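Below: a set of structures, written as structure tokens.
First subunit A sits with subunit B, and in the next complex the same chain sits with subunit C.
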Partner chain A sequence: MSDTQTRRAQKTRRLIFSGVFLSITIGLLLPFQPEVTPSVGTKSMFSFIENIKPGSTILISFDHESASFPEMKPLAIAVVSHLLKRDVKIIAISLFPEGAGLGASLLRRLGEENKKTYGTDFVFLGFKPEPRATILGMGKSFSFVFPFDFYGTKTSDLPIMSADRYSDVVGVITIADGSYPSHWIEYGAAKYELIVLSALAASMVTSYDPYVTSGQLHSILGGLRGAAEYESLLNVDGGGSRAMLAQTAAHIFIVLILIVGNISYLRSRKKKV
Partner chain B sequence: MDITTTISALLTLAVFSFLYGDNPVYKFAERLLVGLAVGYALVINWQQTIIDRLYTPLFIDGRLALVVALVLGLLMFSRFKRSWAWLSGIPLAAMIGAGAGAALPAMLEARIFKQLSATVAVFHDASGAFEMFSAIVLLVGFVTTLGYFYFGVHRSNALAVSSKIGSYFLMIFFGATFGYTVMSRMSILIGRLDFLMRDWLGVIG
Partner chain C sequence: MRKFLPISVSFVFGVLMFALWFEDSESRSMLHFTLIDYWQIIFAFGLLVGVVSFISVASRKISRGEEPFYNGVLIFGALLMPTLAMIDGLQPNSYFQWMFENVQAPMQSSVFALLAFFVASAAFRGFRARNAQSIILLLVALIVIIGRAPMGEFVWGGFDELIQWIRDFPSTSAKRAVLIGIGLGSVTTSLRVIFGVERTYLGER
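Right after this comes the complex of A and B.
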């Protein structure tokens, strides 16, 4: 590539970045939000949680890293808040070291906001490596795999840990940015008939849709859009809803860039011919 | 505004500075992230794995069976001395053997048998014309995409047409995945810009 071409490519790159930045900033600053219609998957997860008997226990796994937290946070807040409002007890774990810190602080904050007691209404057991061994081990006993919680308390001393196996929980919600829902499906659902639901990063939705069709995954909540849909069902104004205008603006800009890029490619090809 | 918000905002801006070009501020933020991530993972693993799952049960609660795990774990370090390196093959063999043994039936069941039966079951469950049409599309997509990856035989006309259709299904899948990936990356950027403008600068109410 010649110097002129390199400079032009660099200039185009910066123009695209500036365009994306501007479209998102304007979208965030404008004081209105587009209307969001909940999808079938979102409604399915909502009605699953809505139908859990108060006092039941659910397992939540924070299977994501800090890099995807801006996308995972609105999803996690929407789902965990709904569970706490429905008086569902939460046993949370993480299969990623980074997910442990993020999950622990998020759960603590939401627990306090909803006036729930740690150890009775919710607990964070922390991280364990090797997801397959962890999921299979928990099939025998949660407290065997997690003898202490994230803060060093013996799990056998916590009232919530009377739920100690998969048969004692209504299911698992994996809040994931990668392929970890596969482990829950393969080892949790297939072996222990655990109901698996997933709040996923948008980039993973197409990979897990077939599992919903086959019934191995109960439902998927996908990306910021999924969070916005869930918030609309909860009737709250959260991080997902607030981001919808910015996301729409960014998508329109990217579609325009794709059209312009393709036209310019076709024109350059025509010139060569 | 607390100090942690400011530190977080400045580091976000430091990472964004890469969009203009590689620079020392970006390098600093990048190395800080890598260092912190490794340090954090080490501490979490040390406390929640070595202490909680090995040290306490073995040396305090006296569960002697864990000696086997301790010895196997220590054998992994034999790789650091060339003449002892063969010993690390023992824990590796145990890990690979147990891992493959656990993974094979589970993966076959979840990824192949259940997905295959679902491909056929949709015909049985279809209650209307649209569901039946979807089931046919699913089956055609499944067969032709599989045919696309069938390289072992000479491609007759029928197989060539089938794999061409399969390649279109693949393109649709890649297109949808790319679209979702763009959405995902935009979400992350929106999250950071929202943080900068709402939590740090306070320009959004």
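Right after this comes the complex of A and C.
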């Protein structure tokens, strides 16, 4: 590559980076939120939670790293808030060490906001290493794998832990940014007939579509758009809805650079011919 | 003996775990759950080996004068977090939780967010209409990018259905083929390890 070409490539890169930065910043600053229509997956997850009998217990697994937290947080808040509002009890765990830190504080905050009692209405059991062994071990009993909760309290002393087996919970919602939902499907659903639902990072959604069509995964709530759709069903203004304009602006910018890139490519090819 | 022992252990536990998957009787379930318990303990020791190795590599680099500041920060961070957890616990207002939420999580998220810039730059250079396949790829990418943003609904009302069709048919069938391949590959590799055909984990080539 000649010096002129290298300089031009660097200039283009800088322009693209500046464009992405500006489109996202402007999108975040403008006080306007585009409306979103809920997709099939979002509606399916929403109606599953709507139909849970109040007082039932559900398992939530925070299976994500802190790197993806800006995307996972609106998803987690939307789902957990809905569960707490419906008076569904939550037993939460994490198959990622970082998910434990994030899940613990999020649950505490939402629990307090919804005036729920720790240990009775919700509990956080923390992190255990090796996801497959954890899922299989919980098949015996939750307290077998988690004898103590995240804060060191004996799990058998907590009233909510009367639900101690997979058969005592209505299902599991895995809030994930990677491959962990497949462990829940392969081990939790296959061996213990656990209903698996998933709130996923947008980049992972298509990887799990085959499991939805085969019925192994109940539903997927995908990315910031999924969070915004869920918030619209809950009639709340959350992080997903607030990010929609920024996401739209970034998408428009990428469409523009794809068009510009292809026009310049076709022109350069014509010149060569 | 050096080869016989690990191959025998792989065979015995491989066959045992496979057989116990299908067994629900009380005594055999107890054996299954005891093995699972040991599995987690071994994995936890694996984490410990990782931490020790991480600290020893960073210390060696410092002693050789290779980026001493950054390696020092790495070791300091690796020792600080467990120390804070041991002193102050993991409560919501603890120092550990504060450090995690206000230092570690934002730093990792910031690095991950840089991907948006690189993806945009790569899309500009990569999505070129070079031939029929790349034109199809480009068109599908444009449909999904426009349709998944809220603006898609204003441009054309049929985007949602079209994207759902792309996800349900071309994308799912391709993904399912990959998954079946991975599944068959996993079964083959497991059988090779259990029967001692696959020995690369012993250092053999």
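Please note the rule applied: the second predicted complex is superposed on the first by the 273 of 273 C-alpha atoms of A that agree within 3 Å, B and C clash if a C-alpha of one lies under 4 Å from a C-alpha of the other, contacts with A are read in each partner's own complex, and residues count from 1 in each chain.
Basically, contacts are C-beta pairs under 8 Å (C-beta built on N, C-alpha and C of every residue); 3 or more make two chains touch, one makes a residue touch a chain.
Remember, predicted model here, so these are calculated numbers, not experimental data.
Novice: According to the stated criteria, A:213 is in contact with first (subunit B), second (subunit C), both, or neither; which is it?
Specialist: In the superposition, A:213 touches subunit B and subunit C alike.
Novice: With the two structures laid over each other on chain A, which partner does A:247 touch: subunit B (first), subunit C (second), both, or neither?
Specialist: Once the two structures are laid over each other on A, A:247 reaches both partners.
Novice: A:25 contacts which: subunit B (first), subunit C (second), both, neither?
Specialist: After superposing on A, A:25 lies in contact with subunit B but is clear of subunit C.
Novice: In the overlaid three-chain picture, which partner chain does A:128 touch, first (subunit B) or second (subunit C), both, or neither?
Specialist: The answer is both, since A:128 touches subunit B and subunit C.
Novice: Go through the superposed model and pick first if A:148 touches only subunit B, second if only subunit C, both, or neither.
Specialist: A:148: touches subunit B, not subunit C.
Novice: Could you tell me if A:224 is touching subunit B, subunit C, both of them or neither one (first, second, both, neither)?
Specialist: first
Novice: Which partner does A:136 contact after superposing on A: first (subunit B), second (subunit C), both, neither?
Specialist: A:136 contacts both subunit B and subunit C.
Novice: Once the structures are superposed on A, label A:239 by its partner contacts, choosing first (subunit B), second (subunit C), both or neither.
Specialist: In the superposition, A:239 contacts subunit B only.
Novice: Considering only touches as defined above, state whether A:189 meets subunit B (first), subunit C (second), both or neither.
Specialist: Touch status of A:189: first partner only.
Novice: Counting contacts the way the document defines them, which residues of subunit A are shared by the two interfaces, the one with subunit B and the one with subunit C?
Specialist: 17, 20-21, 24, 66-70, 98, 101, 128-129, 136, 150, 191, 202, 205-207, 210, 213, 225, 247, 250-251, 254
Novice: Spell out the residues on subunit B that touch subunit A in their complex, using ranges where they run on.
Specialist: 19-20, 37, 40-41, 44-45, 48-49, 52-53, 56-57, 99, 102-103, 106-107, 109-111, 114-115, 117-118, 122, 138, 173, 176-177, 180-195, 197, 203-204
Novice: Across the complex, what residues on subunit A touch subunit B?
Specialist: Contact set of subunit A toward subunit B: 14, 17, 20-21, 24-25, 27-29, 66-71, 73, 97-98, 100-101, 126-129, 132, 136, 146-148, 150, 182, 185-187, 189-191, 201-207, 210-211, 213-216, 222-225, 239, 242-243, 246-247, 250-251, 254.
Novice: Which positions of subunit A touch subunit C when the two form their complex?
Specialist: 12-13, 16-17, 19-21, 24, 34-37, 39-40, 65-70, 98, 101-102, 104-105, 108, 128-130, 133-134, 136-137, 139-140, 144-145, 150-152, 191, 202, 205-207, 209-210, 213, 225, 228, 244, 247-248, 250-255, 257-258, 260-262, 265-266
Novice: Could you pull out which subunit C residues touch subunit A in their complex?
Specialist: Those residues of subunit C that touch subunit A are 21, 29, 32-33, 36-37, 39-40, 43-44, 46-47, 89-92, 97, 100-101, 104-105, 108-109, 111-113, 116-117, 120-121, 123-125, 127-129, 138, 141-142, 145-146, 148-151, 153, 160, 164, 167-168, 171-172, 175-176, 179.
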